[in-house]
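Listed below are the structures to be examined.
Across the two complexes that follow, subunit A remains constant while its partner is subunit B and subsequently subunit C.
And now, the complex of A and B:
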C-alpha cells in the first residue's frame, strides 16, 4: 500500500522559504536605517560584544533589557517589527520553550516549591530553580537569536563574509565562503527545478522507499553536476586573472559615527556585566 | 544537531573554539598541499553541497520526513580534511547569515559535525570497504554504516556537551544557567532520536547516494584522488 508522502512539497517549501527570507533580508540591508549605515567591520565587532554579553549574563532582567535594546535597534534600522518577531521566535526559541517545559518540574530540577499542579490526581511540583532556570534559558536563546538575525538583515551578506578578514582568517577561507554563498543559490534553484519536474510528472503520492531513492538520486546528480561545474568555474577564474592567490577587494569606509557606536557598545558591555556580577 | 546560542556556557564555547583552531589549521595546511589549483572551487562547491543536503526532506515510514546532515557523505566524496573545511564553511554561513546554529556555539557545532562526524564516518567507510572493487556492494554498505555510526557518535558528544552544562554552570541554589538537563536526560534524548530515526535517514541517504554515484560516475569515487587519500 502506498502512503502519501509530502517530502516533495516540504523540500519545495523549505527551498522557497529560504529564498523568500533571503529576498526580505536583502531588502532590509538596502534600507537607509541606523545599523545599515555602520561600517560592517565595527558592526561585527560590536555584535560580538552583544553575543558575549548575552552568554555571560546571569540575570534574566538584564537579558530583557538587552532584548529591549535589540528591538530598539531593529526599529531604528527600519525593520518591520512584526516580521522581525516572527523571524526570530520561529523556530529556535519556540523549540527551546517547548523542550524546557519538563525542566520546570522538580523531577528534573529539584528545589523549593513554587507552584503545585494537580493533574488527574497526579501532583506536579514546579520548583523555583526550575522556573527561573527555564526563564533565563529561554531569554538567553531569544536574545542571541535576535541579535544574530539583526546582524544578518542589516549587513549585506557579502560584506559580512568579507569582515572575517579583521579576525585574521586566511583569505582562502573568506574566498571559499563567498563562492559557497553564491553556489547555495544555484544549487537551491537546481533542487527546486528538479522537484517541480518530479511533482509535475509523478505527483506527490509516492511510497517512502521510492521517495528515498528519488532524494538520493537527486543528491548524487547534484554532486555529479557540481563536480564538473568546478572545472568550468576554475576556467572562468583564470580568464579573470586568478593567480592562485585570492585577493579580496576592501571597500569599507569608517566614519567617526562608527567609532562612536563601538564606544557606546563597549561602555554598555562593561556597565551591564558589572551590574550583573555585583547584584548577583 | 545544530546547537543554538544560549545552550552552552561561555567556557564550553571557548574550549571548543580552542579545540577546533588547530584542527582548522591542520585541515587548511593539508588541503592546501593536496588540492590542485584546478580543484580550488571544489571546496566551495563541497561547502554549498553540505549546506543544501540538509534541505532535502527524506521520507520516513509513517508519512513524516527527516533530513540528513551528510557529513560522512561529504567526507567520502572530498576526503575528511577537505570535508572538515567544507562543512565548517557551511556551518558558519548557516549560523551567521541564516540564524541556524549558534554563533557562540560554532566551535562546538564544528567539532561535532565538521570533525567527529566526517572523520568517524569516513574511517568506518574505509575500514569496511578496504580492498573492495569500485563496483562492489560492500562500498554501499560501508557508506551506510559510516553515516549511521558517524552521526550517532556526533549526537552522543552533543548530548554530553548539553548534559555537562548544569554541572558546570549553576547558582548556589542549584538553578541551571544554560541547558537545564543533566547527562542522564540529555544523552538518552540525543542518542534516542538519532539511533532510532535520524541515524537511519543518514545511513540510507549516504548509502543510496554512493550507490547511484557508483553506477553513474564511479570516477568520482576512484581509489586515489589526491584529496581522498589524506
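And now, the complex of A and C:
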C-alpha cells in the first residue's frame, strides 16, 4: 500500500517538475547564442525548410548530414549537447521505433529477405525494403524532432507564439495559446500547493484508496477554480478595452544577419534536395 | 455642470440571483477626489468596484457615470465602451487575474493597444511608467516569475498606462512589504495630485488616512454603515470594531494585562514624544 502511495507522490512530483522544466525552462532562450539572436519569424521560416527537407530526403547520408547541421547549430547556440541529445532521443524516437517495428517484417512490407528470426518456433522475416523503409522513417523522426526541440529551446515562447501569425493563424488563437501557457503555470503551482497542504495534514502515510479520492477531489476543485479564473480573466480583459479581436504589438526587428541566415538555409535546401534527387 | 463622476442610488446586486453582495448602496464620488471603501472581508467592496468598472450591472437601482446611467447595452456600443475604458481603470485584487499575457511588457501595453492608442504614444507612456515604477528589468519576463510586489506594480502599470481619469484599486497593498506599500501609495497620491479620481477598496487602515478625502464604511449587511471625512471615521472606534476593522487587543504593561480596542494606524513616535 505504502509503495502505491509513494508511487502517486513520486509521479505527481516528477510530472510537475518535468512540466516546469520542459515547458517553462527559459534558461537556453536567454543565452547569447547563434539561433537566439535570429529574428523569430525568419527562424521559424528557416526551420520549416529544415522540416520539409527532412520529410523529402530519401538518402540516409544526407539525413545524417542534416542531423549533423542540427547538432552544430545547437552547439553554436550554447546548448549543452548531452542535455539536448537526452531530450530528443529519450521519448519520441522510442515511440517511432515502436510504430515502425511491424513494418520491418515481410508480412507488412514484402521484399528480399534481410534477416530471419526464429521466435517461439515462429519464423519472422525482416525484408530489405522493410528495414530500409523503417530506417528512413526513424531517421526522419529524429531529425524533425531535433529541429523542433532546437527551435523551442532557442526561441522564447511568446515570440514563437507571435510568429504563428505569419502563417495566417488568427490573433485570437495566438492569444489564447499564450494565456494557456501563462495559466498552466498557475495551476501547476495550485496542484503543488494542494499536495503540500494535504501532506502537512495527513503526512505521507496515506491509504491508496483515500489517495485516489483526494486526487479526484482536487481535479474537481481545480476545474472549479479554472472556471472562475476564466470568468475573472475575461473581466480583466474587458476592463482594459478588449472587444472581440485582440490587438498584439508586433515588435520584431529583422537585421541583415537574419536575412543572410535565411538565404543560407534556402541555398542549403535547394542543394541538398538536388543532390538527393540527382544521385537517386 | 455636475462635478460628480459616479453616482449610485439604492443599488442592489447579487451573484447568481441568490448570494447578496450589495443591498441598497448610495454613493456619490466627485471628480479629483480620493475615496476609500473600507469594510470586512465579504462586505461587497470588490463587487462595488466591479460595478463601477462596468463589468457587472446592478439588479436594482442606478449606477451613473458622469451623469449617464450605465447599462449592459451601452457597452455593446464600441465608441461608448472605448471612451469608458479610457476613462476608468481597475486594478484587480489578484494580480494573477490581471496579468494574463506571456510577458510583462505585453501585459502593460495590452490595454492601450486594444483602445487604439497610437504606438508611439504607448511607447512613450511605457518608458515613463518603467522609470517611475523601476520595472525595466521585468519587461521581458513572464508574470508567473514575479514576486507579489512586482506583480502588483505591473498590474498598476497596466492600468496607469491607459491614463484613466478614474482609477479603481482593489486592495492595492495587500500582502506587500512596507517599502513597496509606500512606493505604491506615493504613486497614487501623485496620480491624484495630477487630477485623477482615486477610489480604493481596502481594509488596511494604515493607508486610509493618506489616500482618502472621504471614506465609506461597508457593513456586514453589505450596505454603507457610515461615510464621512477620513478623520471622523477613523476616530469612531465603535464603528470600526462593529465592522471588523478594529479588534480587542490585550498586552502586558507594568505587570498588568491591559485590554483595549486596537486600530492599525500609522504611528509617529516623534510626534507622540513631543506631546
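As a working rule, the second predicted complex is superposed on the first by the 214 of 280 C-alpha atoms of A that agree within 3 Å, B and C clash if a C-alpha of one lies under 4 Å from a C-alpha of the other, contacts with A are read in each partner's own complex, and residues count from 1 in each chain.
Here is the rule we go by: contacts are C-beta pairs under 8 Å (C-beta built on N, C-alpha and C of every residue); 3 or more make two chains touch, one makes a residue touch a chain.
As the structure is a computational prediction, the values presented were derived from the model and not from experiment.
Asker: Return first, second, both or neither, reflecting whether A:241 touches subunit B, subunit C, both chains, or no partner chain.
Answerer: second
Asker: Is A:141 contacted by the first partner subunit B, the second partner subunit C, both or neither?
Answerer: A:141 contacts subunit B only, not subunit C.
Asker: Which chain, subunit B or subunit C, is in touch with more residues of subunit A?
Answerer: More residues of subunit A are touched by B.
Asker: Is A:181 touching anything from subunit B or subunit C once the two structures are fitted on A? First, second, both or neither.
Answerer: It touches subunit B and subunit C both.
Asker: Please work out whether A:37 is in contact with subunit B alone, subunit C alone, both, or neither, and reply first, second, both or neither.
Answerer: neither
Asker: Of the two partner chains, subunit B (first) and subunit C (second), which one does A:233 touch, if any: first, second, both, or neither?
Answerer: It touches subunit B and subunit C both.
Asker: Of the residues on subunit A, which ones does subunit B touch that subunit C also touches?
Answerer: In subunit A, positions 157, 161, 178-179, 181, 183, 186, 229, 233, 237 sit in both the subunit B and subunit C interfaces.
Asker: Going by the contact rule set out above, which residues of subunit C touch subunit A in the complex?
Answerer: 50, 53, 55, 78, 81-82, 85-86, 89-90, 92, 94, 96-103, 106, 109-116, 119, 122, 140, 142-144, 158-159, 162
Asker: Mind listing the subunit B positions that touch subunit A in their complex?
Answerer: Touching subunit A from subunit B are residues 4-7, 9-10, 13, 28, 32, 37-45, 47-49, 51-53, 55-61, 63, 65, 70, 73, 77, 85, 89-90, 92-93, 95-99, 102-104, 171, 173-181, 185, 204-205, 208-209, 211-213, 216-217, 220.
Asker: In the complex, go through subunit A and note every residue touching subunit C.
Answerer: 24, 26, 156-158, 161, 178-179, 181-183, 185-186, 189, 229, 232-233, 235-243, 246-249
Asker: For a test of understanding, state which residues of subunit A touch subunit B in their complex under the given definition.
Answerer: So the residues of subunit A in touch with subunit B come to 3-7, 10-11, 14-15, 18, 21, 51-52, 54-56, 58, 87-88, 92, 96, 100, 102-103, 108-112, 128-130, 132-134, 136-137, 140-141, 143-145, 148-149, 151-152, 157, 160-161, 170, 172-173, 175-181, 183-184, 186-188, 191, 206, 208, 211-213, 215-224, 226-227, 229-231, 233-234, 237, 244, 280.
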